[in-house]
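Each of the next two complexes has chain A plus one more chain, namely chain B in the first and chain C in the second.
Moving on to the complex of A and B:
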């Protein structure tokens, strides 16, 4: 079942990567002084991408039988089995939509007065192409190329256009990520080598590798015992993705990077890039190493739950609103991790829907913080009070976003958290209980955040203005998603269920 | 009926949307009547539903799917039977009167449209809560009423006290929500269904009184206790009086706080199957009834006295549903809705007359100035105190009688309930004598004004209800669900009624003696019983205890993580390692960028940490984690 069928002779997925790249090319050709043109080009490219992706989502066929869709495969380095292989399934479908939506918002909120706007826009659009490529790649080398390609624009976007100790933050992010990537690269090569040994055919193709799960045991030297090969490979991938998410305790790059990054970048970084780590776990760890996922899942679930509680406690006492949202984000990512490591149908579906929800909620929260900062000149909670008195619309929208963030039943955050905790409860009850405590703490820190800045009297600073229509317009699609996914999310499992049910980790 | 049920929801939804989206542009008159009218319309729909339910009809209709994957199927379905019909009649009926009253009461307020939007949101959520036919939408309605309660407690958000009270209510209710969510998990994992009809059909597959069903019922009780302000999650309700008085009448007296009673009654097949959990419900109710009544005797804020009274009366309802007297509990829910809404709204008129002063010691001599409020408040006081043949008399007696009929701990809970009835009469008449006063006690000759008809007519209607509601055959109406009421020996009934009247009279006499006849005695007693009085006046210091045990340690832990662990241990300990390498590097004259190294090393350290945890899990280390 689907809304409609798209023509099959068009490389839709390639277009999703090429359109932002073309936008980047056009921006590169535009004179630096033509700021308005540059911004309009950025908006145009990301808007077309969003329309295209919405078209893909609508044309996605539901039900078993056709898991990977819109596939494109061309040999790249046939001698060693590398190919240009794209495809979309239930794991990547809605993240692709989130990607396009958040980049459009990021471009829209990019200030035309940004210094070196041309380079900024260029990097942003390249970043969009890279993240779309990550979601679409079905070849491990292609994936790795996109994965690394994402890092470069992010590094410059934080390091050049950031605030505060931006170079420090960018470098910290870079080093963390590079170490993870290195581990992943080794694991990729090892996986392919092992499969090669089995089949005699070299292949970096995900669809091939997923058919040949690695096995075997590695004798540690000095009689230190044994470790399973799948477990070892699992950890290689896991390090890269755990850093990107980030999973506790590999998170210390996060507050620095989130706080330093300019608004458009933090929307993408927190809203999307963190989800790519989670996506990587689903696409590779749980699919290529289902046995290792079962044996290592509980340990990672412990870390995820620790992250939920740690992030929540940290959020409780932050005074910088951006740091507060950063730790809230970390806590919420713990939920996503928990659902993934539960390794069952509802946990993974919950994680998938929560990835979209988290992107929507965290982007909205960072937008709110930026709007407050733009008008008051501060993000310090101690210097803000009672702003809602003169800005009722602002207060109302902020409230809805806050409620979604704390997981109010009826809004989108609940939908994901409910399924994740149900999945976690099925797999390991104590983790679900820990997550439940996280829900209670979320109510506490989110309301402290909302009430502390928008309620009580006297207002400080005085004369806070009402939200601009343009700002409300940027928030509108996010608010709509919060309500729709909370009230009537049935479209989501309809599209992803078949893919999740076919995941090796469930079949085992 | 399958169209009427959603219409009941759509009416307040429409009212909410109108007032929330364009309320500020509309004239006040329109805003008020949209708010009240939408609830009135819902009441009309509810009456039409009643007509069909009286003919024996029921409804369990699915309108759309919320989530469907594997065997996890959550529909949006509405479930209408006698129980939900009784609930929606009270919610929309009493709710309509309170909305009308609010048109007058909130007249001067700046946030007029915001107020009515929140009130309609509340009615919508509450109706959703009672009409939902599955656990997920029950939880959504359950959280929706919590949200509206939060919004309305903190309605005057310039006041720090209101903001804190609202947050307290929300967080404590979130504890309850999580309990209910976990109960839903256990139900799904053991019965594989989420909708009521299927759950009720399968519950007997579980072993009676077993771990699973007991755990389910106790987790549901966590939600019920939080929402209904029963021990030990009760401390938010008195603070909730920060909200406007119509809110206290509607949400924190008549309807929302009784959701816990509804929940137990709705899940009665489960509680019948888990005797231990049911007994826990009864104990919570009986003890809360007594506990709250004692606190009520020592308060001086008129709304807080009524709040503790509400806690106490809901305790009666919990006691009833805990001992299986479900119809009696629902009967008391209905009569309580009448007399407590009336008491709150009358108190609202008094508070307005005294320019927002809520201290009963500053009031008095209200008969001449506020005649309608005076007499209706007296009716409410008599009804709640169990004055013969008024509504409260019948419903409370039915609960006490049901408890005394049983053996063991239930019998003693019945005795406690009887004593509480005396306390109820005492604290209510204490309030009445001090605040409303007789002429000979007059300490105040300020010229007071009665409220406008829009604020008195609803009270008079409710007062009529508080008199005659006892004659509505609720038990018979609910008999398709809870079975026929047990025939009782008429002599026993009359004997117990006489006993409870005597107990009530004793409470009344005590109040008359101490607060009308010889107030100096009250002062002397208070001095003599100083420690006890302090304990009760400070609500047994439960707030202070929770602050000490939960709030302060929670914040202290957060600060410790933020000030020590994050910078010094997680991000910083490795700086120590880095520094070590830096020193070594200096010696070898290989200094390049120490910072970079430190992060690289730390990342490595983190990775090793992960590996160690994982290894421990796999059993490669002598430590066992799982």
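Moving on to the complex of A and C:
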């Protein structure tokens, strides 16, 4: 079923990449001093992209026989089997929406006084095109191109516009990411070489590779034994995605990068880029190497659970609110990882649902932190109290976001976490218990954040006024999503079910 | 006594491009006497016309396999491929020359003569199928470049650079010649075809023929020197830094390309039967180049030196494509050479433009805030840096991808892993340039002389090519595959 049918002769998915790029081009041609125009161009480009993506989501036929829709395929480097192949299915559909929404918000909250606004906006729009491309690519090289293209704008956005030790943070981020990327590149080349040997036809096409799972064993040098080739390739891909997510213990770039990144960038980084790691696991690891996913899943689930607990404990002891949210994000990403590595229907559905919800929640939390910092000049938890006394609306909105973050039923955070817990319980009980502890800790640090800064008696002289309408306007779509998704918890799982059920990892 | 010339296959058509370039050099030499000093721009125009003529003469050679002059040169797709590449590099160099030469007060006609001479030598090297013509090509290009390196006659750095290049180059030539002599001694032939035939006939005996192996070893040293691959790279940073930037721009891409044409012909086409013997030393040279080039580049604060070390590193990547000894690998090498030529020429050309006021501008600190001072130069430089690092969507990415793919398909793991790790390292120093250019300018450097139409066009074209080939690599890859396949 779908709400309507879009004309099929329009390359809708290409447009989702091209529109932000065109916006970037227009920004590049705008004079540096025309700051208002630059910002308006950015808003326009990302708003049009959001409308387009909403159109695609509306036109997507749920439960139809064709899992991949809006496909576009044409040869790119035919000599070695690279093609320009785009498509969208249940795995990527809603993340595409999240992508467009978060970028619109990121552009909206970009301060017009940002130094070198033109370059900033340019990089942000290029980043949007790259992340959209990542979600849409069905050719492994095309995916890799977008994956690498995402890195460069992020590196400069953190390294040039960041705060604190920004060059260090950006560089650390770069090194981690690039190591993962190259491990993935070699794995891509190897998996294609293996399939080539089977079929006699070189192809980097995901739809081809899914049908020819790799097999065999690799003789380690020095008689150290053997390792399965699928497992080896799985690890190659996993390194790239685990670093981006990030999965414990590959997370050490995260606090530095999240803290240094300017607000628009951290929204994208935490809200979206981390999900791309999780998406990569679903699209490639679990689909191309289902056997390896089963054999390595438990080990990765342990890491995910460790990440849940580590992130939660670290969030508890932070005094800097931005770092607190950064660690909270890492903890929540652990849940998503746990759902994925559980490798069953409930877990993966829950992970998919939670990916979208977490993007919405974490973006809202970072926005709140930025708003607090702007009105008080500090992010130090110890110095903040009684903000709610003079700003009841602010307090109310923040309360809703906090409750969503700790997974209260009726708000969006609950559905995904609940499904993940169910999935994890069927797969491995101890990990589910660990995740349960993580939920409790989440309630602790989120409520302490809220109570500590908004309740209690305000300092003398009594604080600050109500929040600005513009700020409430930025939060509004996120809040609306939290409530709408929260009261109709069955919508997302139903929409992605057909795709998830067809995943090779569930068919084994 | 009469000499029968019929049997040796005189075929001027096969070497017409080389003849045209050489002829143009001679015409420019005499024209220089007639043209008044302030009209020297015409020499550049004549040079370009000659080079374009050579390009036209190259087109019919594509797809042929014409051995000529007693099997000493061949007109085949590989030669045509390199002819086009070298001519394009040469034309681009000539286009950015007049402005640079005037700025440094070096506007002498001999410059164009030497440039054309070097180009002719490189084209000959790419077409050479005998030890004699290989040597002839190398000497022709080397001697021209020795003089060009010292072309800034009043600058001590330039003189020093020319001296170093000459001395070390002479030494390398000695190795090259000695190697050739040994190979001749072992096989009794100077043509590559004859040598290959004898080597194949020797069978397993060839792998243990000390004379032959020693000869190949010495020959490799000479060629690796020209390709500035480690550990025969010592001259590169000093010469690149000291020579006029314009000369460095030309030398860094053109010499390396031509040297790899010869390396491909020698190793892949002539000695496939003893590949197991040359594989390891060549792999070692590649690994050395990757290590030394990338690691030392990190510490360089002078862009010319940094690019020199990066050039050494890229020699390593290019060599990797030779290692599998397959058509697939060699086509990856050829694609890489094109990519390297485009992006490295561009990067050096930006240094040339910025350095036209003097050589001090190659210091990285001078580039601080360039994005706000000279947005065009900074933007194209960013494109070249991203491409050199191999970040999509630039041609540098596909160059690395094709080479890595050839290695994976041939299951050559150790050099591949080194290449991957060193690529990660290289991100640091390439992106650092961009970060510096994006940083807030600390003081107002007043330096706003216009770039000039021809230089601007060259830079724009190189940047556009870097991106366009990064999005549509298929055409060039097909050409490279065709040019590489003739050997197998």
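Keep in mind that, in the parts below, the second predicted complex is superposed on the first by the 503 of 508 C-alpha atoms of A that agree within 3 Å, B and C clash if a C-alpha of one lies under 4 Å from a C-alpha of the other, contacts with A are read in each partner's own complex, and residues count from 1 in each chain.
The rule we apply is simple: a contact is a pair of C-beta atoms (placed from the backbone, for glycine too) under 8 Å apart; a residue touches a chain by one contact, two chains touch by 3 or more.
It should be emphasised that the depicted structure is a prediction, and the values quoted were computed from it without experimental measurement.
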{"item": "Three-chain arrangement built on chain A, chain B and chain C clash or fit", "value": "fit"}
{"item": "Chain B versus chain C as contact partner of A:149, first or second or both or neither", "value": "second"}
{"item": "Vertex chain A angle, Cα centres of chain C and chain B, expressed to the nearest 10 degrees", "value": "160"}
{"item": "First (chain B), second (chain C), both or neither touched by A:17", "value": "neither"}
{"item": "Which of chain B and chain C A:278 touches, first, second, both or neither", "value": "neither"}
{"item": "First, second, both or neither for A:175, with chain B first and chain C second", "value": "both"}
{"item": "Contacts of A:214 with chain B and chain C, given as first, second, both or neither", "value": "neither"}
{"item": "First, second, both or neither for A:330, with chain B first and chain C second", "value": "neither"}
{"item": "Which superposed partner A:488 touches (first chain B, second chain C, both, neither)", "value": "first"}
{"item": "Shortest CA-CA distance in Å separating chain B from chain C in the superposed model", "value": "5"}
{"item": "Touching both chain C and chain B, counted on chain A across the two superposed complexes", "value": "171, 175, 179"}
{"item": "List of chain B residues in touch with chain A within their complex", "value": "20, 24, 64-70, 72, 76, 114, 136, 139-140, 142-144, 147, 154, 157-160, 163, 166-167, 170-171, 174-175, 177-178, 181-182, 185, 188-189, 554-555, 557-559, 561-562, 566, 570-571, 595-596, 599-600, 602-604, 606-607, 609-611, 613-618, 620, 625-626"}
{"item": "Footprint of chain A on chain C - complex, ascending", "value": "371-372, 386, 391-393, 397-398, 401-402, 404-405, 408-409, 416, 420, 423-424, 427-428, 431, 434-435, 438-440, 473-474, 477-478, 481"}
{"item": "Interfacial residue positions of chain A with respect to chain C in the complex", "value": "32, 75-80, 115-116, 119, 141, 144-146, 148-149, 151-152, 155-156, 159-160, 167, 171, 174-175, 178-179, 182, 185-186, 189-190, 193, 196"}
{"item": "Chain B contact footprint on chain A (complex, rising order)", "value": "168, 171-172, 175-176, 179-180, 183, 225, 227, 231, 235, 238-239, 242-243, 247, 249-250, 252-253, 295-296, 298-300, 302-303, 310, 313-314, 316-318, 345-346, 349, 386, 388-389, 392, 396, 403, 406, 408-410, 414-415, 418-419, 421-422, 425-426, 428, 432-433, 436-437, 439-441, 443-444, 447-448, 451, 454-457, 488-490, 492-494, 497, 500-501"}
